[in-house]
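Pasting the structures here.
Consider the two complexes below, in which chain A is the common component and chain B and chain C are the respective partners.
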Partner chain A sequence: MSTRTTASRKVAKGEYIETDSGNKVSRRANISGTANITLGGKTVIMADVHLRGDLTRTSSSSSKPGADGKPSTSISIGRCTVVSTGTVVKPPMRMSRGVFTFYPLKIGDNVFIGPNCHIQAASISSHVHIGAHAVLQPFVMVRENVKILPHSVVPAGMIIPPNSVVAGRPARIVGEVGEGWGVVVPGGGGEGWVEGGDLRELVRSIR
Partner chain B sequence: MATAARRPVPPKAPTTLDPASTVASHALLTGPHRITVRARAVLHPYARIMAGGGPVDIGEGCIIWEKALVGCGDSKITEGEEEDARGVRLGPNVVIETGAVVEAREVGEGSMIESFARVGVGARIGKYCKILSYANIPAHTELPDYTVVDGRNFRRKDKTMANQPLVREIRAANHAKQVKGLQALIPSNLVKWQ
Partner chain C sequence: MATQFPYTYYSCPCINPTDSTLPEQDDTFDPSSPRAAFSLYPLEHLLYCTECHQVRCPRCTAEEVVCWYCPSCLFEVPSSTVRSEGNQCTRSCYNCPQCTAPLAVNPLDPPESTSETLTGPFILTCPYCTWSSLDIDLKFDKPNNITGQLSGSKRPEPSTPVDTPDPDLSRASSPKPDPKTRDEVFTALNAFYKNQITHDVDAPGHAFAEQAFSSPHSISRLLNLYSTGKKLKRQRPKPMSEALTPADGLVLFDPESELDTIKRTAAGGWEGTLGGDKAAINTEARFVDDARPVASLLRTKRAKRCRACRTLLSRPEPKISTTRYKIRVVAGSNVPRVGLRPLGAKARATAVSGLGGLGAEVPSLKPLLPSHFVLTLTNPLFDAVKVTLATARDTTGPVKARVTILCPAFEVGANTDVWDEALARDGGGGSQGGGGVPEAGKVWERGRNWVGVVVEVVPAGDAVRGEVLEIAVFVRVEYEAGGDLDGAGKREVGFCNPIWSSG
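Here is the complex of A and B:
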């Protein structure tokens, strides 16, 4: 009986916490180091997403003595981006001047990241669609209008040029996204959004 | 609080934690058997160690990333198996990436298990092996030292690593620095698990 009442109260509360800028962050998302994460607005973070904002650039006191104590952004996500359930987003790590440090991870606007992905890229540009179970290994750079098919493993350091389709283990460029990538066909049905297009409608529908 | 109400809290395992190890407070150490974490090991938040079918031993300088699972969750023992047959022993400097599941009997020194790879029950992984993303090692497999298994489960031998002791030394030095970098970032909460 008591469990039922708590459950109904949870439903009344809602799955997502909406911020002033319209970001929707699930109550069940595992976010660490919130001070080092910026969300651009109208961005959705679903349940069970791990955002590792605590993995920041370790201030090497020899190079920048003035930068100490100031929180640096380790994950920045743009507008209308959707991060689906079970995905882990963490900044990439490598050796620099004899110490291991994390580098900031930047994700652009209108990016869709499917469920259960592992993202350790250096940058992901706008209008990118990443399928389910994809792995982006450290320092991958993804340019605009790219489609990464499900179950791909993009090897470390790969730079994916604009307008390409990528798949496989290890991932290779298998094609190009044609004309009309991300363009909603009028009267074509659907919910008013397509892969690589404006995800505003999708973000609006998630509540 | 909400999660505690939803599902029962699994029992805390008896642990032996080295004071020089780093165990994040959100890491999960459960099961009826003993979990040993040796010096300089790093357990990230939401890493899961389950000593369900035998003791788990995390070697020196191991790094276990979030959502990785080491050990067997269930304590079921099949016929003819020893009591502790489902324990896991990780050698020094083993890296287990996000989402990997390691139920192996033993993982040798300096091996790397990448994201979402699975290593079955009773497998023995040699030294300096690399199990790449989404590779699947069936139960009771024995992998020789320096083996690389890729996502299509093709195997090859890493001859550079095998023939050049210097490469292994550099790798170990590199790993030590990586551990140092992580120790500075991840707050350790050993008291919670002692």
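Here is the complex of A and C:
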């Protein structure tokens, strides 16, 4: 895990700024509060993605201003995760004992988040595929090997068990992913990745 | 399943029940037959039996439950509890009766400051719709063990009390007992009749004893029937008594409640009734006011066996927290993977990087104009395989098109050394070919363990707009298994259904 450093290596005219650990961040992405965002490496943040790292626990809780001075991590994203265009990633918030509090958001490895999603989940585990235009309401917990179909609205506080397929408004479990979820044959003809599998090839192809 | 274009379905041999006994029988698979839909699966749903050398779909595997767990709290539920309590979570996991979203337990009066502790009463609220347990007058003293508190609380009286105009119908004499739930009535009836059987079965020759097949009495009676000794005097069966009191489980028709129902329907209209899927999850409720929170149903982890030879095909680890498998033989690592993309377009991977996201590059076919696609076959086996492709000249389905595979027979290299390709990639140009004009009889491009051939598609002139084109491809794979005789020749039908909208 390495904190994203702004413009560690300038690429001449590319769409993406690539960091030392291999993260690719689009020049057109909106990222606020960079100090509170962690990218695991080989992670892609596409254009028009909005990462709200400025919404941290310390900034909003007025009762204890600047608890230790060090800003806490509000969004942490794992390795080989792809956040597609137009997606908003925002830490979940709730009214707790009279105070609005933001909680950290954790996204695992090899997660694909489709275009124009709205993510306010508490945690998304590894090997999760989220379709386009999906909405994850606050404090959703997504476990491993889950497929969220496009245009789903996952209601707040829902816990999605491992190996399930989720769809609908509100989302409910509509099926299970097969045993072969994420199993990829190495060296495929130009398609080195499948949904839920290792997204390294996909990350490599994005430039 | 949301379809992602293009998709590929693989046919399972279970479409032809004779296939397992006659492997050399050449049955043609008709992908347009209505029955075919039951044996076409995406590759990730298919398993592979290493004993039968066949693909196994969910239809031809037998499942064994490894463990039960609640999808909401992710606690394992022992199977004894499942038997006694039913297939539902016994903690505090409940779903909204209106929209099935998981309910949250909240205090009725949220504390104003951080110093206050959470005090009751508590209610269940739906974070998605506006339903809360206040709608059915349910409050809880504690935020935990909702199930225990729910079972303790009585079903609330109907919120709109009906004064019956007809004095004949109202029963002023006896106070109305609490209406019993369907489960309670069943339990009472069950206990009553079980009791009858155990009492009456002692009397030989009782009519009802004939139904208690497994009782020792029935067996002795049967033995007596065939014994040559003196005939037993057949006694007249004692008459069975029926349930007579509400304690026995008797439910009398209550005209009052029927009138009540009619009145409530008239007052509330269709909106007041539970319909469709809501009634399905709340079987006892008829009105919205009666809908109770639904305990979340348990899920299982299951092991799968081949139905033909009982070989374990997949067995997950019994712990809830892990998603690993002890045994897992997926089809993807035993049969070649088939993919399709338009000629000239880059691989599917790059389609994502566009601003439009996935599906941005779904091309459309023009009637009577030939379009070219690259059909790729990836070999997961550690031996080189000989592949023969075949397809019907004209496709069936909503879009008529003439399909030609330019190179139907070729060899695909073994899935051996990843380093070869990795080194070749660094050197530039890992795959050979991929340029020029598509030519009949020539492989378009080739990699370490994959081959791409060109498919020409000419849609008919009267192609329907907005429909999808499915191409059925028969894939025959032959390989020499080293030292293994029974795997020397192998037939496998893959049906590739790549889809493009036409028009």
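Methods note: the second predicted complex is superposed on the first by the 179 of 207 C-alpha atoms of A that agree within 3 Å, B and C clash if a C-alpha of one lies under 4 Å from a C-alpha of the other, contacts with A are read in each partner's own complex, and residues count from 1 in each chain.
To be clear about the criterion, a residue touches a chain if its C-beta (ideal position, glycine included) is under 8 Å from a C-beta of that chain, and two chains touch if they have at least 3 such contacts.
As the structure is a computational prediction, the values presented were derived from the model and not from experiment.
Q: Given the alignment on chain A, is it a clash or a fit between chain B and chain C?
A: fit
Q: May I ask you to name which of chain B and chain C touches more residues of chain A?
A: After superposing on chain A, more of chain A is contacted by C.
Q: Under the stated touch criterion, which partner chain does A:158 make contact with: chain B (first), chain C (second), both, or neither?
A: Only chain C; A:158 stays clear of chain B.
Q: Using the superposition on chain A described above, determine whether A:202 touches chain B (first), chain C (second), both, or neither.
A: Touch partner of A:202: chain C, not chain B.
Q: With both complexes overlaid on chain A, does A:170 touch chain B (first), chain C (second), both or neither?
A: Both partners, chain B and chain C.
Q: Name the contact category of A:114: first (chain B only), second (chain C only), both, or neither.
A: second
Q: Pick one for A:88: touches chain B only (first), chain C only (second), both, or neither.
A: In the superposition, A:88 contacts chain B only.
Q: Give one of first, second, both or neither to describe whether A:193 is in contact with chain B, with chain C, with both, or with none.
A: A:193 sits against chain C, while chain B stays out of touch.
Q: Who does A:101 touch here: chain B (first), chain C (second), both, or neither?
A: A:101: touches chain B, not chain C.
Q: Once the shared chain is lined up, is A:14 touching chain B (first), chain C (second), both, or neither of them?
A: Neither partner.
Q: Between chain B and chain C, whom does A:30 touch in the aligned arrangement: first, second, both, or neither?
A: A:30 sits against chain B, while chain C stays out of touch.
Q: What is the minimum C-alpha distance, in Å, between chain B and chain C after the two complexes are superposed on chain A?
A: Superposed model gives a least chain B-chain C C-alpha distance of 6 Å.
Q: So which bits of chain A does chain B touch that chain C touches too?
A: Common interface on chain A, chain B vs chain C: 95, 98-99, 116, 137, 153, 170.
Q: Taking the complex as given, what residues does chain A use to touch chain C?
A: Result: residues 46-48, 63, 82, 84-86, 95, 97-99, 114-116, 131-132, 137, 143-145, 149-150, 153, 155-165, 167, 170, 172-173, 175, 177-195, 201-202, 205-207 of chain A touch chain C.
Q: State the interface residues of chain A toward chain B in the complex, per the touch definition above.
A: For chain A paired with chain B, touching residues are 3, 6, 10, 27-28, 30, 32, 50, 52, 54-56, 58, 88, 90, 93, 95, 98-102, 116, 118, 133, 135, 137, 151, 153, 169-170.
Q: Which chain B residues qualify as touching chain A in the complex?
A: 2-3, 5, 26, 45-46, 66-67, 97-99, 115-116, 132-134, 150-152, 174, 177-178, 180-182, 184-186
Q: Give every residue of chain C touching chain A within the complex, in rising order.
A: Chain C reaches chain A through residues 1-2, 4, 41-47, 69, 71-74, 99-102, 104, 110-114, 116, 126-129, 299, 304, 313-314, 323, 325, 328, 330-333, 337, 339, 341, 346-350, 352-353, 355-358, 374, 376-380, 415, 418, 421, 431, 445, 447-452.
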